[in-house]
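Once you scroll down, you'll see the structures, which are given as C-alpha cells.
Two complexes are shown next, each including chain A; its partner changes from chain B in the first to chain C in the second.
Entry: the complex of A and B
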C-alpha cells in the first residue's frame, strides 16, 4: 500500500475519479466523506494545522496516477470539514484553512490532563513552553499550532482554570494554572 | 377372448379383471418398495459421505462446489430446507443464509461507490476480508449459491454477465443493451471516453452521451477530468475490482 509519511493511504487515493468533483449528489456525498476522513487523518499524523489552498500540499495530488485536486474540489472538501466544526477558514477569501483534528474543546481537555500528569496544577508556564518545552515532549501538545493553543487556553481561562498574562517580552505570554 | 353368453360368462370376466388389478397392484408395490429401499440406501450413503467429508465440505470451497454438483445430479438440493437433515448434519443451510446476509450488507454499503453493481470477484474478496479466515474460505460459487437463495426474497438481487465478468446487481435499475455494451467496453481499462464509445461501437454522438449520462445519474459511473489529454473519462467502479475502494467504504 502507498504511504504518505506514516499514513497508509486509502484505496480511493489511487482511483482517478475521486480527484474530480462528482456531479451526482449521492456519489459526491460519499466522495466528500472519504476525503474528509483522509484530510483529518493526514493532518493528525503529520501534525499539520494549516492548509494553504494555493500552496503545494502532498495530500492533494497523486503523482502515481497523475491526478491533482482542482481548487474547487479542495474548497468543497475543506468546506465540508468547516461545516462539521472540524476546520475553520482563516480568511474571507478561503485561501487558508485551520484544521482541527481535535476540536478546541478536546485540546483544552488535553492541556488539563497534561497539567495534572505533570503536577503543574498551580504553576506558571509560558505559552512557548507548553508548545516546545521538555515537559510536553512526547505528548500531542508538543509542536502544536500557536493559534489553536491560544484558543484552547482562552477557553480554559473562561472556565477559571487558568489566567493568561503578558510576559516581559512582547511575543510571549504566560499562563498561571489554578486547578 | 370368445364372447360367452350368460351370467357365468359375466362373472368370469369380472373375476379376470380383479385378478389383473391385483397383479398390477402387486407389481407396483414391489416397485415402490424397491424404490424406497434404494432411496434409503442412497440417502444413508450420501449422509455417510457428508459426515465423512463434513470438514472438507465446510472448509474447502472447491470440494463444496463439487459436492453441490453431485447433489444436483441426483436431484437433491441441500439448501432446499433449513430444517432438513443437511442443515443438521452440515450446518450448510446456515452457512449460505449467513453468507446471504453478509452479501446484502456489502452490496448496500458499497452502493454509494458502485451504484449497486459490483464485480463478483470483488464481492468475494470483500466477503473474505469481512469473514476473516476463521470461517474458512468462500468461493465465487458459494456467492452465486447464496445470491440465488436471496431471489426468494424478491429483493432484486441478480447476477448479470457482462463480457467475461459476472456482476452482482442489487438495485432494480434495468440496464439496456447500450448500457451493457458500454460496461463491457469499460472492462478493458476500467473507464471509457465518449470518443472511444462512439468509435468502438459506431454510435452517433448523441447516443453515447445519453447512455453515459444515465449511467452517471444511476451512480454506476464517475467522471474524471484530471487526465492531461483533457478528455473526460467515465470510470466504472464495478468494472475495476482493482480500485478496491469498496474496502475504504466499508471502513467508515
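Entry: the complex of A and C
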C-alpha cells in the first residue's frame, strides 16, 4: 500500500480523474466527499493545522500518475470543508486554511480531560506549557497549533471552566483552571 | 390551319365554331397537338369554353377513367424517372374530370410539374399518400386560362385534353379523348405555373430521351455500338489499331463538342446537365483505373483521384427543389428532399452526422440552387411533423447533428462503457480519437458521445498535460466512511486489478 507520511493511501489516489475537478454534479459531490475525508485523515496523522494554497502540499499531487490538483480544485475541496465546519479560511483571499480535524469543541473536551487526568483542576499553566510541556507529551495536545488552542481555551473560558490572563512575558498567556 | 382561325374570327355563332373545332380535332390526327399549340395561333383562340365543354359531354361518354400511379419515396417525395426534372409545384389543387362521374375526385393535393409528367400527390402522411401522374406525352391540347369577371374571383382552372385508351385509362397512344381539369385553390403564381406547363409540354423532353440514349455523345457505350457496325460515323474503317485510335479520336471530339455546347450558356448547360454528369463519371472511372496500372503512382495523382471521388459524391441531385418551383411549400418539399438525401451520408458516417457537414454535402449536390443555413435548419425542424426516420439533435455544447431515429443513446452508451472497460482504457483512459476509431464515427461526434456519457455518470474526465481522457466512473462505489474498502467484482475492483497489472 502506498503511504504518504504515516497515512496509508487508498487505491483511488492513483485514479487520474480523482485529480480533475469533475463537472458533473453527482460525480463531483462524490469526489468532494472523498477528498474531504482524505484531507482530514492526512492532517490528523501528520498533525497539520494549516494548508497554504500557494505552497506545495504533498497530498495534492501524485507523482506516480503525474497528476496535481489545480488551484480551483484545491479551493473547491477546502471550501467544502469550511462549509461543513471542519475548516476555516484564515484570510479573505482564501490563501490559508485552518484545518479542524478535531473541532474546537473536541479540542476543548480534550483539554478538560487532560486537566482532570493530570489533577490540574485548580492550577495555573501557561499556554505554551499546555501545548509543549512535559505533561502534554504523548497526548494529542502536544504540538497543537497555537491559534486552535487559543480558540479552544476561549471557548472554555466562556463556559467558565478557566480564565485566561496575561502572563509575565509579553507573548505568553496563562490559564487558571477552575473546573 | 391559319385560314381556319381567321374563319373563326368572323364566325357567327360560338356553338358553330365549337363544333367546327371539334371536327377539326377529330380529323387533324397527330398534327392537332402542334397545330393548336403555336403561340401565333393562340391569339385567335380566345373563346368561351363552356359550350365546348358541353360538346364533349354530349359526344363523348367515358367509361371508368384511370390515371397511372406515381411512385413515392419514404418521405413522400416523388420518384423521378431518369432525366426527369421538377419544374414547378403548387398546393391545394383539385384534379377531376367533370364529364366522367366515375373518375375519382382528387381533392386538395400537391401538384408537381416535371419535364415528363404532371404529378398529383395527396396531402397526407407519407405512408398513406396516393399519387397519380399524367404523362405530358398523353396531353393533346391545353386550353388557355379563361379570363372573365367570374374567373377573377373564383379559383383558376387549367384544363387540358388527354388521350385515353378505350377502357378509359390515360395513355399517350390512346384513341379516345378526355378532358382533365385542375382547380388551383392554393396561393401561388398561377400564371407562372401555366406558362411553365406550356413550356414543359412543348419541350417534349420525353421524346428527346430515346435519340439521346442512342447517340450518347461519346459518353457510355457508344464505342461498342460503333465497333459492332465496323464503320465509324465518318465512314472510315474501324479495324485494327488505326481503327481503335480513330474511335478514340472521335470520342474525344464529340466530348469536346459537347463540352463546348454545354458551357455556352446557362440554359444549354442545364439541358446538358445529364450528359455532363455521365462525362464526369467516366473521368472518375479513368482516374480510378489509371494510377494502378503505372508503377510508383505518386501522391499528386492519388490526391486528384481523391478529389474526383469527393466531387462525385456531390453530383447526386438533378432536380433541386427551389423557392421558384415550390413557392409557399418550399420548406416542406425541401424538408422531404433533405430526408431522402441524408440517408446515404448517414450510413457512411455511422448513424450520426454533423449539421454543418450535411449543409456542405447537400448544397454541393444541388449545384446551383443553393440553400441558406436558415433554410436547412427550418427544413430539419419540420421533420418533427412528418414521420421521417431521421431527426435533428442539439447537444449541450451547442453542436447540432442529424441522426437516425433508430440510433438510440442507450446503445451508444453500452458500447462506450465496454470500450472504457478494456485494459488499455482502464490504464490510460479513453480519448475522443480512440473512441472515434473504434466506433467508426467522426472524432467530433465521438467527443459528444463521451461528454453525454459523462453527464449520465458512466465516465469521468481526466484533464492534464497529456490531454483530455475519459475513464470509467466508479466514484459511486467508494464508501466515504471506509476509504480502503474495495467491493469484489465491482468496477472499482476491475480498475484496481488493471492498474496493478501495469
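Everything below uses one rule, namely that the second predicted complex is superposed on the first by the 179 of 179 C-alpha atoms of A that agree within 3 Å, B and C clash if a C-alpha of one lies under 4 Å from a C-alpha of the other, contacts with A are read in each partner's own complex, and residues count from 1 in each chain.
By our rule, contacts are C-beta pairs under 8 Å (C-beta built on N, C-alpha and C of every residue); 3 or more make two chains touch, one makes a residue touch a chain.
A quick note: this is a predicted structure, and the numbers were derived from the prediction, not measured.
**Q** Is A:6 touching anything from chain B or chain C once the two structures are fitted on A? First, second, both or neither.
**A** neither
**Q** Report for A:34: first if it touches chain B alone, second if chain C alone, otherwise both or neither.
**A** both
**Q** Output check: A:56 vs chain B and chain C. Expected answer is one of first, second, both, neither. What do you get?
**A** Touch partners of A:56: none, neither chain B nor chain C.
**Q** For A:20, using the defined touch cut-off, is the partner it touches chain B, chain C, both, or neither? Pick first, second, both or neither.
**A** both
**Q** Which chain A residues are contacted by chain C in one complex and by chain B in the other?
**A** Residues common to the chain A contacts of chain C and of chain B are 10-12, 14-17, 19-20, 22-24, 26-27, 30, 33-34, 37, 66-67, listed in rising order.
**Q** So in the complex, which bits of chain A are touching chain C?
**A** Residues 8, 10-12, 14-17, 19-20, 22-24, 26-27, 30-31, 33-34, 36-38, 41, 66-67 of chain A touch chain C in their complex.
**Q** Could you pull out which chain A residues touch chain B in their complex?
**A** 10-12, 14-20, 22-24, 26-27, 29-30, 33-34, 37, 66-68
**Q** Quick one: which bits of chain C touch chain A in the complex? Just the residue numbers, please.
**A** So the residues of chain C in touch with chain A come to 429, 454-455, 457, 460-466, 469, 471, 473, 475-476, 478, 480-481, 483-484, 486, 492, 495-496, 499.
**Q** Help me check something: in the complex, which residues belonging to chain B touch chain A?
**A** 112-113, 115, 191, 216-217, 219, 222-228, 233, 235, 237, 240, 243-245, 247-249, 251-252
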